[in-house]
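Letters A, B, C and D mark the chains in the order given here, with residues in each chain numbered from 1 onward.
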Amino acid sequence: MKNTFGTSVTVTLFGESHGPEIGAVIDGLAPGLPVDEAFIASRLTLRRPAGRIATARQEADAFRIVSGVFEGRTTGTPLAVLIPNADTRSGDYQRGPARPGHADYTAFTKYHGFEDYRGGGHFSGRITAALVAAAAVVIPALQAKGILIGTHVARCAGIDDIPFSSDLAADILHLNTLPFAVLDPERGDQMRKAIETAAAKGDSVGGILETAVLGLPAGVGEPWFDTVESVLSHALFSVPAVKGVEFGDGFALADMNGSQANDPFRIRDGKTVTATNRNGGVNGGITNGMPLLFRCAVKPTPSIALEQQTVNPLTGEETVLAVKGRHDPAIVHRARVVADSVTALALCDLLALRFGTDWLAASDK
Amino acid sequence: MKNTFGTSVTVTLFGESHGPEIGAVIDGLAPGLPVDEAFIASRLTLRRPAGRIATARQEADAFRIVSGVFEGRTTGTPLAVLIPNADTRSGDYQRGPARPGHADYTAFTKYHGFEDYRGGGHFSGRITAALVAAAAVVIPALQAKGILIGTHVARCAGIDDIPFSSDLAADILHLNTLPFAVLDPERGDQMRKAIETAAAKGDSVGGILETAVLGLPAGVGEPWFDTVESVLSHALFSVPAVKGVEFGDGFALADMNGSQANDPFRIRDGKTVTATNRNGGVNGGITNGMPLLFRCAVKPTPSIALEQQTVNPLTGEETVLAVKGRHDPAIVHRARVVADSVTALALCDLLALRFGTDWLAASDK
Amino acid sequence: MKNTFGTSVTVTLFGESHGPEIGAVIDGLAPGLPVDEAFIASRLTLRRPAGRIATARQEADAFRIVSGVFEGRTTGTPLAVLIPNADTRSGDYQRGPARPGHADYTAFTKYHGFEDYRGGGHFSGRITAALVAAAAVVIPALQAKGILIGTHVARCAGIDDIPFSSDLAADILHLNTLPFAVLDPERGDQMRKAIETAAAKGDSVGGILETAVLGLPAGVGEPWFDTVESVLSHALFSVPAVKGVEFGDGFALADMNGSQANDPFRIRDGKTVTATNRNGGVNGGITNGMPLLFRCAVKPTPSIALEQQTVNPLTGEETVLAVKGRHDPAIVHRARVVADSVTALALCDLLALRFGTDWLAASDK
Amino acid sequence: MKNTFGTSVTVTLFGESHGPEIGAVIDGLAPGLPVDEAFIASRLTLRRPAGRIATARQEADAFRIVSGVFEGRTTGTPLAVLIPNADTRSGDYQRGPARPGHADYTAFTKYHGFEDYRGGGHFSGRITAALVAAAAVVIPALQAKGILIGTHVARCAGIDDIPFSSDLAADILHLNTLPFAVLDPERGDQMRKAIETAAAKGDSVGGILETAVLGLPAGVGEPWFDTVESVLSHALFSVPAVKGVEFGDGFALADMNGSQANDPFRIRDGKTVTATNRNGGVNGGITNGMPLLFRCAVKPTPSIALEQQTVNPLTGEETVLAVKGRHDPAIVHRARVVADSVTALALCDLLALRFGTDWLAASDK
């Protein structure tokens, strides 16, 4: 399905970095969900580059919803959101050598040179603005059903944030207000300094995002092929720069014994819970009612000012490139909002498939 | 799509651990592919438990293809393969306490207690036999097009195998003959001993699988949502016990600078290649013609003989469980064949979408 | 999706006319639905050729369900049903001239000569036995929710049956017991005689099926692309020999004025109904709560004993053919069961997408 | 998939009759297809109401393509086309009684009263402008591959047009230039007069569209579920007002004998053809290389000035309605362009699945 994700609740993305507008269409939304444009704007602000650790490109992100909303609520028919590309300087981007680590070469090959190469075209992280706007419609609806999604920069430039506390709900609500989402502000300062240091060298850094989802009912997901992990990783791996996804203790589970890795069940307040959550809230591909926990590896931004060896796909000749233009020395803190967004959309789809189209709008939890 | 995976080439799985038969249906195959039943049998043998490091359950895996093959070749219509469950001892499996780390509790919740709980039912690793049989139809066809898939146990019980050598094709061909797939037999012996040690304690171990795919053309995959990483991780996370997937250097990329993480392009023998392959053969979600490389974290088998705290979902009461019956003290070496199988099926789908239904059967590479 | 139909509730078909077994997999069923094997058998009997107006081929249709049912109820995981092909006489079917009106030539072209050509292979009406068996699992569940499906042979060999009466429920229940489903037994006798007359001449006849569905809730279907009419016609046009589908007054609406064609709304017993039902229970692609009514044109069986001009696809030469073997002089009365079956499956899918996976099993209507 | 149609080439629709903009996204297009904005505009003009036989609503249809086109050619990434709703007079449309024959009542029921009811909202025929614009991108590409699509008003208000001539290509090319597409201009005049007569009475008329597709390769379509007829009818039944679809001789086949209905094969100029084309170019759900022929029944426009009995969904009370505002006394001649458009999009999808993504752009036929 390419640029469309989902089965019951779907999102379709379009647009290029330097085209006139980018956009997203969400279909399958429950009718009657309140649409809060101020919240959408605030989510776009979180995604937007800011300060010294980000590209100097500034986008007003003046989105407009052109369908699917009537008198402040979703209609149940497709919601299209459009965002004009206000600040494009195409002069900075001519087809030239393929930027290493970028899609320039693969796009040239796949599209036989017909792709819009300016600023990464359809591959640009810019397109995620539309995704963030679309997801901002459903995030409050999920929250109204008790489902909270929060992500922190768990690691950046080799510096670890502290882990989630025992009060996960408070952590999530706090993180969702932060432009640079860390649980420990001091660690965040260190990360930002490390980003600035890399930027000063013309280089970039990567990091790890850790996401928690609270309030998901048990029993969501499918045994084969559409496990919760399959569906979420499908969405997460289309976030630019994500190169790894792990659930619960993930790769660390590989070194454990079964007696450590298994989360013992117990009863607390009449409810089945697990004593630990090494499996990240998923057993056999199905949610078990514990917090859903996963981590994404985000590679360093490939656009760097340092000289790199590369090839010009048009001429097929080797050359040297120092990427010019405005670029982020790190993307991990901005990718946070995108990871939350695709998570929200994927969960809406899974929940709608399980409980029907109208569930998200139903007043009873 | 639940138990069906794929868009152009699809696979549908059915069956339960202790039902009469399990099976798979592949649809969308090119007509005219030779079907080698001996090869299918050999792949099932690789998946089958063997020796002291595996469950004592022995299955003849007497598969039969009931459709989609005529006079030794695929017809282009759905190919169904069935495998009887010969050796089921349902007496060993009565509904009881939920096994920690297993799907027992989530299946009970999702299916309201109507699931076939015997031996894990539809969640059992047993079902992967049908998947392996189905994939064994397409693996030789991929190979005939120059596409080789190989996986080794890169790590098990804390012991690392050696990395792939520079002769990746030789490594892959060698691995595909091994019941316990490691590049260094000594490390393999150590792993097996560690598995036996864990088994003797009534415990289990996990590991990491590393896969290489050679010969994929550049330009396969989509920018948003159906990236090669998205499609493959979707498939891989439905392999039981997989809890993490990373491409190229994956999580290690999070700690690199852009200048390290970017793979410089160069020209070799008139072809664009990269000097390193930290991105695992994928840029911007699209194959770049370099070997596709990824790793899966496989958690330790949850069925262990040691006592564990758990809950009986029927009664909602806490209890203690020591899993009886025949179980694997490690699954990682058997999951290898399953990882290869879902990789082969996912690649067939991506290739058919790109190049059309008949591509896999075309005689020119 | 080729041989798989549906989104939330899916059915996958496999098998060939002269292969060892045919089968179907239904996925997405609500858990806990009672499975009545006697009812399945009775549905297969209705589909089976019988008497002088049918092919002499006799199939015991000894189906077996190999997954997805446990202790007499659906588990919620894929249900696979298999039917052996007991009575195959492949000697009757060698690759020869393409039978006019059949898929022989198109299959040869599409599959480059690799198709199983015996008895029409995967294109054979024989495959519908698996479809009928699969649908027989959900028909009682729909009925338990008050949704009744019934079809009569509205026309055959130029002879009309009488229309549905005002007691549609009684009509449906009566039709579902009849091997040759007509509302007026005398008209049915005339039809059968006309079929026998055609058979005696080595020829065949066609007809029209009219289906009524009672008890569908209003609000099912989608405005664009997945209208109720789109989804049902998609299913119905894959019933072999169906060449036309119309809803409500269908083609007759083309000659009406709006003032005739519009169904006036009114209130009866506190419920919104329409005074007439020329739109067949669908407005704007969405059910309106009135009976769903549609008709399928079924062409005469293409296999006839009379000599026909044709071509041998292997040699590319013109030739003459008189089809031998056992064939139906009419298919319309047997296609009835298939039309009901695809209708039931398509409705299950639409209802599950709207109301969630478990709706069909919920005890409250 | 609701408002998205297709598998490999997809189209997603959004917008409401009185919202700010409507739009369509096509994904999966081959890269490098020339995009002719003048042709798109001409197609929109054909769809647009004109003269006395149409609504007085006038739309400039000033479409803009915001993505997926670069330097005049498709990029291969999603193409989004937007059309502002210039001439909306919402004062004419307040929520009131449900218009009989329209989606007002079903939309109210499905969306619980949250739908944008103005002018039919998302159900409005207005949305088809976006569909027509999207399809206008692919129609010249199909034509460049020798695939021609043409539709005439075969019947309107009880008046028949003449049948297609033996020079189908000429007929199609001629039809595609006509605002009121008939093969015999005199019959067209009679139809238009009949429409005006109905309009003068405050009533409306329906008709039948007949479509021919030339140049389709044999072997397109699937045996079960995705037959050419299934896929096309799925698309055609989502064209507003279509209530019947038949292929070849369709319902007339029901009254034929097999010896009449079967199209004899023969060899002409070294190619297998059929002597007649009663099956409309499809055997067993697969194209046979003959012209694809089908007909759609279009019901009379439901919006009429005459008084009708109806119900107010908000109050649940019976009332009387005479529809005000600007409406078409016939829609069949405008639906022609929409039928051609969905046909073109559905064929692109089927062809891309069969021959790969790039086929449509390949220079060799």
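The rule is short, and it goes like this: contacts are C-beta pairs under 8 Å (C-beta built on N, C-alpha and C of every residue); 3 or more make two chains touch, one makes a residue touch a chain.
Bear in mind that the values here come from a model prediction, so they are computed numbers and not experimental data.
J.: Sort out for me whether C-D or B-C is joined by the greater number of C-beta contact pairs.
T.: Taking the two pairs in turn, the one with more contacts turns out to be C-D.
J.: If you average the Cα atoms per chain, which one ends up farthest from chain A?
T.: Most distant chain from chain A: C.
J.: I'd like the Å distance between the centres of chain B and chain C, where a centre is the mean of that chain's Cα atoms.
T.: Centre-to-centre distance between chain B and chain C: 38 Å.
J.: Starting from the mean Cα coordinates of chain B and chain D, work out the distance between those two points in Å.
T.: 45
J.: Averaged over CA atoms, how far is the centre of chain C from the centre of chain D? Could you give it in whole Å?
T.: For chain C versus chain D, the centre distance works out to 27 Å.
J.: Please list all residues of chain C that touch 2 or more other chains.
T.: 1-4, 7, 13, 77, 110, 122, 223
J.: So in the complex, the part of chain A that touches chain D is made up of which residues?
T.: Within the complex, chain A contacts chain D at residues 1-4, 7, 10, 12-16, 19-23, 25, 27-28, 31-32, 64, 66-68, 70, 73-80, 82, 110-112, 114-116, 121-122, 358.
J.: Any idea which chain A residues touch chain C in the complex?
T.: Against chain C, chain A makes touches at 7-8, 77, 223, 353-357, 359.
J.: Given the complex with chain C, which residues does chain D contribute to the contact?
T.: For chain D paired with chain C, touching residues are 1-5, 7, 13, 98-107, 109-110, 122-123, 127, 155, 157-158, 198, 203-208, 218-227, 229-231, 233-235, 237-238, 240, 242-267, 270, 272, 274-275, 279-280, 282-289, 297-304, 306, 308-311, 313, 316-318, 332.
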